[in-house]
Structure formats: C-alpha cells, structure tokens
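Labels A, B, C, D, E and F are assigned to the chains in the order they are written; within every chain, residues are numbered from 1.
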Amino acid sequence: MFLPRKILEEKLRNMLTEDIGEGDITTALIVPSRATGEAEVRFKEPGVAAGIEESIVLLESLGLKAQALFRDGEEVEANQVIMKISGDARTILSVERTLLNLLSRMSGIATVTRQIVKKVLNAKLKTRVACTRKTAPGLLYFDKKAVLLGGGDTHRLHLDDMILIKGNHITMAGNLQDAIRSAKEKGSFSKKIEVEVASAAAAVKAAEAGADIIMFDNFSPKKVEASVGVLEKAGFLGKVLVEASGGIAAENVLAYASKKVDIVSLGEITESPKALDINLKIARQKSSPV
Amino acid sequence: MFLPRKILEEKLRNMLTEDIGEGDITTALIVPSRATGEAEVRFKEPGVAAGIEESIVLLESLGLKAQALFRDGEEVEANQVIMKISGDARTILSVERTLLNLLSRMSGIATVTRQIVKKVLNAKLKTRVACTRKTAPGLLYFDKKAVLLGGGDTHRLHLDDMILIKGNHITMAGNLQDAIRSAKEKGSFSKKIEVEVASAAAAVKAAEAGADIIMFDNFSPKKVEASVGVLEKAGFLGKVLVEASGGIAAENVLAYASKKVDIVSLGEITESPKALDINLKIARQKSSPV
Amino acid sequence: MFLPRKILEEKLRNMLTEDIGEGDITTALIVPSRATGEAEVRFKEPGVAAGIEESIVLLESLGLKAQALFRDGEEVEANQVIMKISGDARTILSVERTLLNLLSRMSGIATVTRQIVKKVLNAKLKTRVACTRKTAPGLLYFDKKAVLLGGGDTHRLHLDDMILIKGNHITMAGNLQDAIRSAKEKGSFSKKIEVEVASAAAAVKAAEAGADIIMFDNFSPKKVEASVGVLEKAGFLGKVLVEASGGIAAENVLAYASKKVDIVSLGEITESPKALDINLKIARQKSSPV
Amino acid sequence: MFLPRKILEEKLRNMLTEDIGEGDITTALIVPSRATGEAEVRFKEPGVAAGIEESIVLLESLGLKAQALFRDGEEVEANQVIMKISGDARTILSVERTLLNLLSRMSGIATVTRQIVKKVLNAKLKTRVACTRKTAPGLLYFDKKAVLLGGGDTHRLHLDDMILIKGNHITMAGNLQDAIRSAKEKGSFSKKIEVEVASAAAAVKAAEAGADIIMFDNFSPKKVEASVGVLEKAGFLGKVLVEASGGIAAENVLAYASKKVDIVSLGEITESPKALDINLKIARQKSSPV
Amino acid sequence: MFLPRKILEEKLRNMLTEDIGEGDITTALIVPSRATGEAEVRFKEPGVAAGIEESIVLLESLGLKAQALFRDGEEVEANQVIMKISGDARTILSVERTLLNLLSRMSGIATVTRQIVKKVLNAKLKTRVACTRKTAPGLLYFDKKAVLLGGGDTHRLHLDDMILIKGNHITMAGNLQDAIRSAKEKGSFSKKIEVEVASAAAAVKAAEAGADIIMFDNFSPKKVEASVGVLEKAGFLGKVLVEASGGIAAENVLAYASKKVDIVSLGEITESPKALDINLKIARQKSSPV
Amino acid sequence: MFLPRKILEEKLRNMLTEDIGEGDITTALIVPSRATGEAEVRFKEPGVAAGIEESIVLLESLGLKAQALFRDGEEVEANQVIMKISGDARTILSVERTLLNLLSRMSGIATVTRQIVKKVLNAKLKTRVACTRKTAPGLLYFDKKAVLLGGGDTHRLHLDDMILIKGNHITMAGNLQDAIRSAKEKGSFSKKIEVEVASAAAAVKAAEAGADIIMFDNFSPKKVEASVGVLEKAGFLGKVLVEASGGIAAENVLAYASKKVDIVSLGEITESPKALDINLKIARQKSSPV
C-alpha cells in the first residue's frame, strides 16, 4: 500500500479542513502571527508507532519542519518522544488535534494487531492475523495500513479486489457450487475466490467447485478443528487456504489459530480499536531549529 | 445539528464510494441483475440506536425502500430488528458493510454515552456529559451526532465555534490574563471563551479576566473539589461554568461529576468507542414489498 | 480565523479554476512561454487593504514571487502600490483578474467596515460593529475576514456556532420562553443563545428565560432606546448583550450605537459592498528580481 | 447559458453546505422534527427577478415544494410575493439565508442592468450593455446569468472563449500588430479577437491587423467620438465592432452609448451590485399544501 | 463490477460538466425553454452495445425518459435504433455529445473485444482475452466494463488488487526469487502474485518461488511455445496460470492463444479503440411520450 | 490554452489517484522504501511529442526530478529517449502507467494531426485542420492541447464558447433564418455563430441571416465544391468562413481541403487516435543525479 506523497497529502488535508472550519479563532486571537514554536509528540503509554509517515507528510505540507524519532512499526515505550515539530506556532496549534487523532487511532490499531500477532507467533503458529472490512468509514487506507504496520494482513481492500461469496450472496444466488463455478468462469483470472461456509460439507463442496479460500464463519474452535479434518480427508488441505472468522478476539485467538487454519480474521482490530494516548507539548522556539 | 437530507446524502455516498472501488465484483458475478431481496438489520446486543436517519437517507438515495422500526436514540434489546430494507439485491449487498460500519459505530458511541449519562442522572446530578474533539477524522458529524443521541453534549464542533485557550496556547501567548482579555476584546461577541487551567489560582485569574468557562484539565477529583471551593469563595460559582476534563472515564465519572462541576468531558466516548454488534440478513423478496 | 496556508490555497485555486476554463488562450498565443515580467498592484482610491495574505498565498502557490508593501488592515492612499509580483508572465496575466476580484471585494468590505467603526469610535462609543450572514455564497471566509480586518465583528459564521432564535423559528416553535428554555437545556454549553425580539416585553421574557444576547430586529432608534430602558429596569442590562439589527447603515449607525446597545449589525457591509478600484500593471522583467 | 438541472443543483448545494457547517443547531433544538411550514418570499423593494430558477432547483432538491409567482427577468413591485414554499420546516429555515443571499444578489444585478439597458433603449440607441469579468469569485455563472436576465450581454465567460488582447499583453508581447496577426493565424477560427487600444491610431492598426472587436479603454466620451470618426474614415466602421470600457457607470452611460459604439461595458454591474431587499416569512402549514 | 446507480451518476455528471462549461449557449438562444423532443440513438455501423446502462442512468438523472431497445453486450446491426429518449429538448441537446462520446468509446471497445474473443472461441480455444491497464486516464471503470461486455477479462483494476512484479520492479528489487518469496510472505493472502519473465528459465524460477501467474512479456509465439514446454516439463503447467502479453493484436492473437497459454492480454483494446459510429436525431415530441 | 501549473497539477493527480487505488502493493512489497532509480522514457515508434509539459508537472509534483529532452510539438524518431526521470523508485514505478497512458494518447493525437496538417500544407493549401468535440470524456483539455501541438485547430472547447446551430437545433427551433437572427440579436457579441447546413441554398440563407461560419455537414467533395460555388456567386466567399465536416479522414482530407473551404474538421483525430508506443525503463540510480 504505497501511496505517493501528493496523494496522501490530499487525504490528510481533508481531515484538517473538517476540523478547522472557517479557521482557528483561538490561535488567531492569542498567538502572534509570526511566533514560532517547537513541539514534541509523546506516547503516554507503550505501543506500536503508526501514522508517522502520514504525520510527516501532513506537517511538511503545511510548511512545518518535522523530525521522526521512530519509524512506523517500531515499538515505543511510555513517555518516549516520537516526533519533533518546529515552525509557525499558529499552524502547529491548529493541526494538533487532527494530527493526534490520526496518530492515536493508527497506533492503537497497530498496537492491538501486534499483540495478537505476537501471541500467535509465540505459540509457534504460522497463522496469519487479518483484519476485515469493518473499518471506520473514510479511514479505510489508514486503518488497513495500521494493521500492516502491526504485522497483520489487510484482507480485501474494496469490493473490487477479491471475489468473496458470503452467506447473503448464496441466499440470493441459490446453489453454492453453481455460484462458485460461475464466478470461476466469468470472474477475472486475476482475482482469488473465497467462499464463506456454514458446515464442513459446504466447505468440501466449495473446494470441489474451485474456491481458492474457504472461510469458516462463526464456527466454534471445535467445529473448526472437525471441519479442517474433513477438508484434509477430502484432500484439500494445502490446496485451498482456510480462514476462520467471526467471534474471534484477542482472548480466544489461539483456540482458533491452533486448529491448522491459515488465517484468522478479527473485526474488532479496526472496528473498536483503543486509541493510544499520545500528546503534544509546544514550547517557544529556541535559537536552533530542528 | 440538523442537516438537510441532500447534504447528508453526499457525505454518505462518499463512504460507499470508498468501499466499493470500481464496483462489487462478487454480486455482479453471483447475483442476477434484476433480483430483488428483503433484508433485516438486527441488533445482536442491546444498545441505543443511532444512525437510523443516516441509514434511511443512504438506502433511499440508492433507490431502496427502507423502514425503520426504531427511532434514533431509542433503546434496543438484543436480537431486535431495527430496520427492514427491500429492493434491488445487488444494491443491498453492495451497501451492507458501509451501512453496518456506520450504524455500529454511531450506535456504539450513543450506547456508551447513554450509560454514562444515566450513571450521572441516577446519582441525581445535573452535570452534563460532553465529548471532545477526539473524533475519528472525517466522522466529526456522525460522532458528535451519536453523542447527542446518547444524551451527551457535543462540546465544540470545530476550531471556529468557541474560543478555547489551552495550555499550549498560553505557552505561546505568554500571560494568561492578557490572553483572555485580548480574546474578550477582539473575539466575536457571539463566541464563548473557555480557558484550561492547571490550578485553582489560575482558575480565579481566568474568571476575573472574563472567561465564560473554566476547564480543570487532568485534575484529581480531590483537586477538582478544592478548586471549585476556591472559585466559590471568590464568588465565581454560578457565574462561570466549570468543566472537568482529562482522565475521566465511565468508571470514575461520578467521582468528578459529584464535585459541583457543570460539565465532565470524556475523550474515550468518541476516540475508542466499542462498535455495537449489528448484522444484516437478506432473503429473496416475497410478493409483498416492505 | 486562522487558516493554515495549504487550506487557504485550495480555496483560492478553485477561484482561479473557475475563471480560467480550459486555459488562457490569449496569453498562450501572444506571450512567449518563457517571458518573465514584474507587476505592480496599485490602489486607485484610498482604502483599507484586505486580501493581501490571500494574494500572496495564491501567487506563491503558482510559482510567482510576491512582495507585500502593506499588511492586511493597513490604510492605503490612492495610487499607492500595495504589492509587487515577479515571475512567469503568462501566469501573472492569467491570474490577474482573479487576484483583483478578490482584493477589490475584500478591501471594499474592509474599507466600509473601517469607516463605520471609526464613526462609532469617534463618537466615543464602545458599540461593536458586526456583519451578518448576508455574505456572497461561497465567499463566507473571505467576506468575514475582511470585516475583521476592517475592525468589525464576524458575528455567527455558520448555522452551527451559535443558537440564534429568529422570528421564523418562534413561528414554528410556538412559545418564545419555552423555545429558549429548551435550547438552554438541550443545546451545548459551548454555544451562546441569541434571541430576536419584536418588543421590549419579549426582550424581558427572553432574558428571563436565559438568553445570552437579545436582538432588537428592525426597531427604530427610539424604540431601541425605550427597550433598553425596559431591560435596564428589569435588571438585565450588563447581564445580557443587546444587539440592534435591521435597517442600520453607515448613515444612521450612530443613532443606534448611541442607545446603549452592545452591538449593531449591518447586512450591507458584506451584501452590497462597493469594490475598491485596484489595478495591476505589468512590465518586462529587468535584471534584478523582486 | 442553459445548464441541466442536475449540474445546477450541485453548484447550489455547495452554497448551502458552506453556510450550514455541521448542521443547523437552532432548528434542531427549537423546531419539531416533523413540523411543516409554508413560506413566502417577498420583494421588499421593486426590481427584476433573477435566481428564480436556481431557487426552485435548490428547494426541490431538498424535498420542498416551491411555486414561482414570477419568472426570471420579470419586473416585480415592492411587497409582491415571488415564491411560495412548503414542506419540512427545519429544511425551509436552514436554507433561508442561502436562498435569500443568492436571490438578492442575482436580482440586484438584474435590476441595475435593466435600468441601464432601459436608459440606452429610451435614448433610441442600439448599443449593447455588457458586463465584464469583474464577478464575485465562485459566482461567475450566477452573476453572468443575472446580467442576461437584466437584458445585458455576458461578454467573455472565461479566459478560454475569446482572444482579448489587453494592454498588459501588449507590454509583454511587444508589437501590437504582430500580436494580432499571430493570434489570427494560430488562434482557433472559432474565437473572435478583441484588442484593447489606447488611441485612435492603435485602433486603426488593430483593425488593419484583423481584430474583430476594438476596445477603447478608459477613453473620455469625447475621445471615443473622435476615435470612432478615425475608424470610420479608415473604412472600418461596421466591419469591426467597437466597445467602450472603463469608467462607465449608470450616470454617464449615455455619454458613451451615444457615440456610435456597439458595446459599452461596465464593471460595476457585477463588481458592486446593490443586493435587492428580499425576505422570507414562514407560517405553520395549513391543511392544503401548495 | 456492479456500481450502485448513485455512484455511477456522479461519475457521469462530471463528464457532462466538463463539456458544458458555463452552460449551452446555443440551445438557450435557439430552443424554447419548455419545448420537448423525442430522440433516437442509432448505430451507424454494426457492433456490440456497451454503455447502455450508463446512458440510461445519465439521462434519467437529468429528468429525461429513456428506453433501451438493446441490452449491454448485445450485438447491433447497422442503422438499428438502440435507445429512445424523450423530454426537455434543451437537456437532450446539451447532453447529446457527452452521451455519444461515452457510448461510442464503450461500444467500440466492446466490439473489438468481442471480435477477438470470437476468433479464439472459433478456434476451439479456451484462452482468455484480457485487457491491460492501458486505459484512458479517468475512464478506467468504463473501459474495463466495456471489455467485460465484449467478453474479455478485466485483468488488474488498480495497483492495489494484484501483486504484479514486472521487469522494472526486478531491476529495483534485485533477485527475482527473493522478490517473489518476500511478496508471498508479506503480501496479503487475498491477492494473487503474477510475475513478468523474459525467459523460460525465469518462468520456472518464478513458479518455484510461488508465483500464481507467469507473464511471458514480448515473446514470439515460438518462444511462448518453447517456454510452455519447459514449464510443463518442470511440472508447473496447470498449477500456475500462463499469460502472454506484448505485441499481441487481433491479427496475431491465434498464434499466441494456440500455444497453451491461459490468458492473452492486449493493450490495444483499451488504448487505441476505434469508436463506433453512433448518432442521435431529435424530433419534436408527438402526443404520446415514450 | 495556457494553464498555470497548479491547476494542471490537480487534473493530473486525479488521474494517478484513479489508477493507484489504496496504494501500489507491489512496489511496497518488493522495492525498498529508500531506493532511488533513474528512468528513461522512450518513443518506440516515430511521432510528435505531446504531454511533455504535463509529464514534467506530474513528476515534479510527486517530488521526482524530470528532464525533458524534447519539447512538446517536436518530432521524435523511433527509439529516442524523450525524458529522464530520477528519484524515489517506488514513486517512479507507481506513476509509470499513468504517465505513459497520458503521453501515449496525447502523442498519438498530435502525431495523426501533424500527418494530416502536413498533407494539406504539402498540397499548398491553407485549409485549417480542426478536431471536434468527440474527445474522451474527462480528457477534453489534453485531447485539445494535443491537437494544437500537432498543428491543428481546437474548434469549440465547450458548449459555452461558440454558438453552433446544428441540424438537431433547427429541428427544435423551426426556421433556420429566424434561429440565426435570434442568436445574433440575443447572443453575446463576443461569440461567433456557426450554422450547420445540408444544402447550398441553406448555406446562402444562413450567410444572409448573419452566420459567421457555415458548416457543410456530410457533403461529398463534389457537393462541397458546388456549394462553395453557390456561396461565391452570392458574394459570401471571404465574408463567411466555410467548414467541411463529417466523413473526413486522413485518406480523403485533400479531396475536401482542395475545395476552397477554410476549415476541415475530423472527429477521428480525438475519437479514435492510435496511441503511440512509448515505454519507460528504470535503472538503479548511479552516483550523479539527473
């Protein structure tokens, strides 16, 4: 997910525009128009840095100098300074909240993702930890990128980049296998086909019809284990990927990940992330700029 | 925060555009182009409905029929259906995730707000429960509206609608009282002036200089109590509003709210809300439309 | 109303895009592609400079050099040069009209505002001179900022930053006092409440119900005086702000301002401002750049 | 200047979005959500109606019913109702100011244009009355259309629809005749070429080089008369069009128009128009809708 | 590639806005404002219809009635009418060129795609005919959809929906196999990996490293045949997909398609399509509307 | 058609945004984040360079260095390098396709235009070669500019810059001459009036009514010759311009151009241009930057 700086800048500027309305009336009244300041952005609790690149792009596009002390994806201790900013004081103060809102959310997502990924790795498992499309509307790019920085898998980005046949689709389409065969025949060769199933039998049918990935939706760990066994017996293990989804959270992730599934996906990572506590303190600029 | 439907529609359509990319390739392959369906949106856990109006506007703008069974702000039990949708099946399936992402976030925010507001009311307190500007970038309108529906106070909407002098401003401006006086003299009569203070002494100075609202930032409940006492002695209680902010959460809100402050503000309501579990199930349309 | 440069740039570029269509066909045909020029922007009549900051941002964003000889808010004599521009000649010629249209309007607004403000100050009055929401659609930011630079008060910026209950609202809401009480109870603590009244009696009722500001709408000066007297007797003078609005212009502003009102507001400042006469003359660039 | 309704709607909605911010907090607090009203829009002073079509498009796009009692371009007496509106009361109140700002400006422009056009017609002259590019930034379409409705000529719309060589262009291009010849040879056959001149001699040169239109810029009426004579002698009258521009206003328009020029152009029509006084009064809706 | 109507409408309206500028001055002058017409859109040469859905959406969004006589993807003879339109005459005339430009391009792309697809099918081959990212900037959705309607494969839609490692990437990344392994390990499980190779040896290496698809870039048909043989010997045929690309056109497509490749891709389909000759004739509306 | 760089930048960035989706996942996975490269853009076949200015603006706006070896409008041999680019490798690879798509289309249009223009010039004819409004939706500016660079005439840019009365307009308007007279009287003096005719007789009527340009639509060369003769006899040759349009292509352009018409217009130039074959090769950056 590499975005040229100019494209990123536009997305970020829109965030600032939303917050600032017709202008920051407080700084206009209180802060002299040529005052310069230097500010530090500090993690108040430990976590994984995410949004550093976005912050630098936003700040520099506003004419500020910004120096990152950590890179995206690095782990930061409580009370460490992650970024120094210097330049026009009114601009720093006007962008403060937008900057922190983005950094806090992205770092929060990266942090929880990293915790779950580590849990899986520590259990010597190779299962991938993926997010879902349960992102905050408008923040798709940022939520998905934060997951990547935490070590997770972005899963599908849009409705246009993988064929994912869910229960609701089958309800409308009718027969599961016909639906898969039709997708396989008429869908682009460049896309994978994933199918959500409700039983081991359906999983085998989906694999037979040519699905690349099988999603066990809202299965108990036990049911996952049994279903994987059925797929194995049918000769599909290793040939299709298996994803467990629904009802998985940090607490029970190992119960699922240990059942030979290739992917576990968790909506909560991006749907209900706990924002990291990050703040910004400004000081009058000393002689030497950053 | 009344928005004419057409304005709201534009905001909502942008959310869908983000998710859909160049088009939903799954429904295009699997679901017949003239198939119609009827769907139910259901709360999987109890909570306060928020985003109903937005959902109806979004769905109707796409040519679907939508019927709300609850109004925004009403409390919903687990497993209750809150909305019925009927019409073009591809459209319903394409908008499903965007719809649920918005509803889940807004209802999650309204639910936690309501819980805190009730806690305060049950303690026979009149303290207002406010959110802050810690909203998800791009979702300001929706986050604030959900707070309103939960019974909370939106606080400032933008940087242009109240003069709020925080610590960082004072650092750059110099003297606290001069800053307030300057804001009072040069700022518009239509705006209130709020000042963040770090001590009771500063609170009195701010009140003397003409602040309309005093914010105790990151005070312990004890320090809040003492500071309110100092303000009372100085004759400012009832003349200025007092807000406690920083470090306040559902757990300790009463410790603050019970200290004669007019407002408690909590960043977590909009910064780290737990999305409500809501789902959508589609069925082939029967003869009678919604 | 401080806007970071990048945000301002976007607003300004849209103005240029409107005027330029698919491109300036005259300069493309007549002016050599590498020619550079230097231009002077000159006030043809005396007035208050406004739009200087916007001009510099616009010109620099187009790669031109621009040097302001006056600051926004300063008074300029007839025939004084306020700005020097140098760089690509085609660009200077293409932006000329957009630049002058903005400068002329903003300076025109600032000039008339200053005249009225001075009139009030010369009469030793402290009454604020405010504009209204009668701005040119799309130019809210620029019209309001010009008022500020002229020494006026911006009044409300949007429909979201003050609760202003006008006659039409009361017609729909029913009882005046109930409306105010409801606004006071349910509206955000961060907003002031202003109420438009048609009589002294209504003014008292509004004040009793908790209005922060009372607007006398379309009162004669005599009626203003009498009504202020009634408010004074009722003990509200100094406790609520009083605004006179409607039918006030440069000619009769003192008749209103002298009646102990805190604010006089005039629609004409931004609704029908006389644009200042400003021009731009270009010359071939000499050796030394600006 | 025919714009399909949908295109116009977009332009108009942006105006409303600017004014409304995050929503109308007053109507949301005061006006019941299902209340309906009926409103009348009334001219408080006589003038030419302009902006009726735009108003209807805006109002209907918001779901309101709107009935025009006058057509664009018709003359309206003081106190006549020009439009009736009915529907959702909150929506009517939220759009009121945007609607009136547009109507007042457009009708103001149409009114002053009509006055000048009538003056010329009453003097039995066929001279066209044109506006210039001195429009309010962002309002080009609306300002130009209002001129048309008043009976005026829109002149150039953008920098891309006529080749207009002004003094500043000649300064950069060098020789007047070479510039015209180059434009004639390389410019599109679909565009006219107009040349601003400072003397009768230059006018003859421009005509000889192939200009379609000659603009006398800032000439006194006397100088216009003499220059037209020179052009006549040189055999160009009736072959090129002649425009007088600069320093022309309602007061002196006949002095120019009577000098055999084809067009007089006036910046003031769109640069400093006096907005017409128009208001809107709402009432609770009676049984029968509009 | 299913897009809800509202999303499509926005894309289409932008096309009209580009063409119409400040408005259609011809229809405004010549066509009475309430005139209605009925028009027929006719293929002047045989071809595959594409853009019918888009046309209907565009026309209906402008308030016109439109009736399609063919469906997207159907083959149309010369001189057949494909669509009837009725309604406001000015609107029909203003949208005519935009409508035809879109229909002509899409139908031209669909027609050439269908010809090539048929050639392959007639030769009893199962090779897919795909387009590339060589689309007209801004028309990605429409160009890809036209390919689909012609029976072709859309290939990758964006840079975000398949990992496609081309020669230029390898130049920067270094080792081919390391690059693929890194993509396989760190890229999302939801994406396929395609690798462009310049030799049979590289193809085998790519397959060994885990590529899902191998692209033979600018190979002669002979070299394709030999390389497929090498892949077969190495046991990868049927396990990876093979795409031939570069230098393939309608003339030589069978020479490639007959070499056991799974996909042939042709840039020319969308890069240099011959627009189909389609016209629109209007008549005054008779009594009975469409 | 001179556009200031900043305006052009915005148009170009939108093209890149379309192609890149949520980001380039291939370069993100394969190319190190700080790698720099240098690339050459090369013509694979001879042609006229067009889009060089646009390319430089796009590349520089992304922070890349770009050096043009040819100017727009120059003729390039096969295998000549036209541009060198250096800088961030990920950015170069992400923009490659967008850049080439634009360059290939613009150069293709300029090349075919030049060929036709030369054919006419070599025949010692002064007839102008014009394009039409048959441009790719969204690419009007770029298509028209490429025609200009090839030596052609842009014709009308929008529906707002010339009054062009076509057959469909006459159908709705009624009488040809009345339509022209009405346009002449009520249309702006700044616009030319062109009329499409189907016979010599209609041409004379149009000229008599005051048309500036007569378009012979879909005439055979013989009919063009005869009609020009009729116009000549009627004394209009040299007084009105004559355009032949419809059914004209590179093959038969001289048959038309030799019939004393002033302009021949060809839809195919912009409607079905053959894109020029242009590629980009990257190498790791050596020590000395471009």
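Here, a residue touches a chain if its C-beta (ideal position, glycine included) is under 8 Å from a C-beta of that chain, and two chains touch if they have at least 3 such contacts.
Every value quoted in this text rests on a predicted model; they were computed, and no experiment measured them.
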If you fit chain A onto chain F using only Cα atoms, how far does it have to rotate, to the nearest 5°? 120
Taking each chain's centre as the mean of its CA atoms, which one is most distant from chain F? B
If I list every residue number at the interface of chain D and chain E, are over half of them used by both copies, so same, or under half, so different? different
Equivalent of D-F within the choices C-D, B-C or A-C, defined by over half of its residue contact pairs recurring: B-C
Go ahead and note the Å separation of the Cα centroids belonging to chain A and chain D. 51
Can you work out the whole-Å distance between the CA centroids of chain C and chain F? 44
Chain centre separation (chain A, chain E; CA means) in Å: 32
So which stretches of chain C touch two or more other chains? 1, 20-25, 27, 94, 140, 157-158, 160-161, 188, 191
Considering the complex alone, what residue numbers of chain B touch chain D? 1-7, 10, 140-141, 144-145, 157-158
Where on chain F does chain D make contact in their complex? 1, 128, 130, 153-158, 160-162, 188-192, 194, 213, 241, 243, 262-263
Within the complex, chain B is touched by chain D residues 13, 16-17, 20-25, 27-28, 61-63, 90-91, 94-95
Considering the complex alone, what residue numbers of chain C touch chain D? 14-15, 18-27, 29-32, 35, 37, 39, 89, 93-94, 96-98, 100-102, 104-105, 108, 133-140, 142, 157-161, 163-165, 168-169, 171-173, 179, 182-183, 186-188, 191, 268, 271-275, 280-284
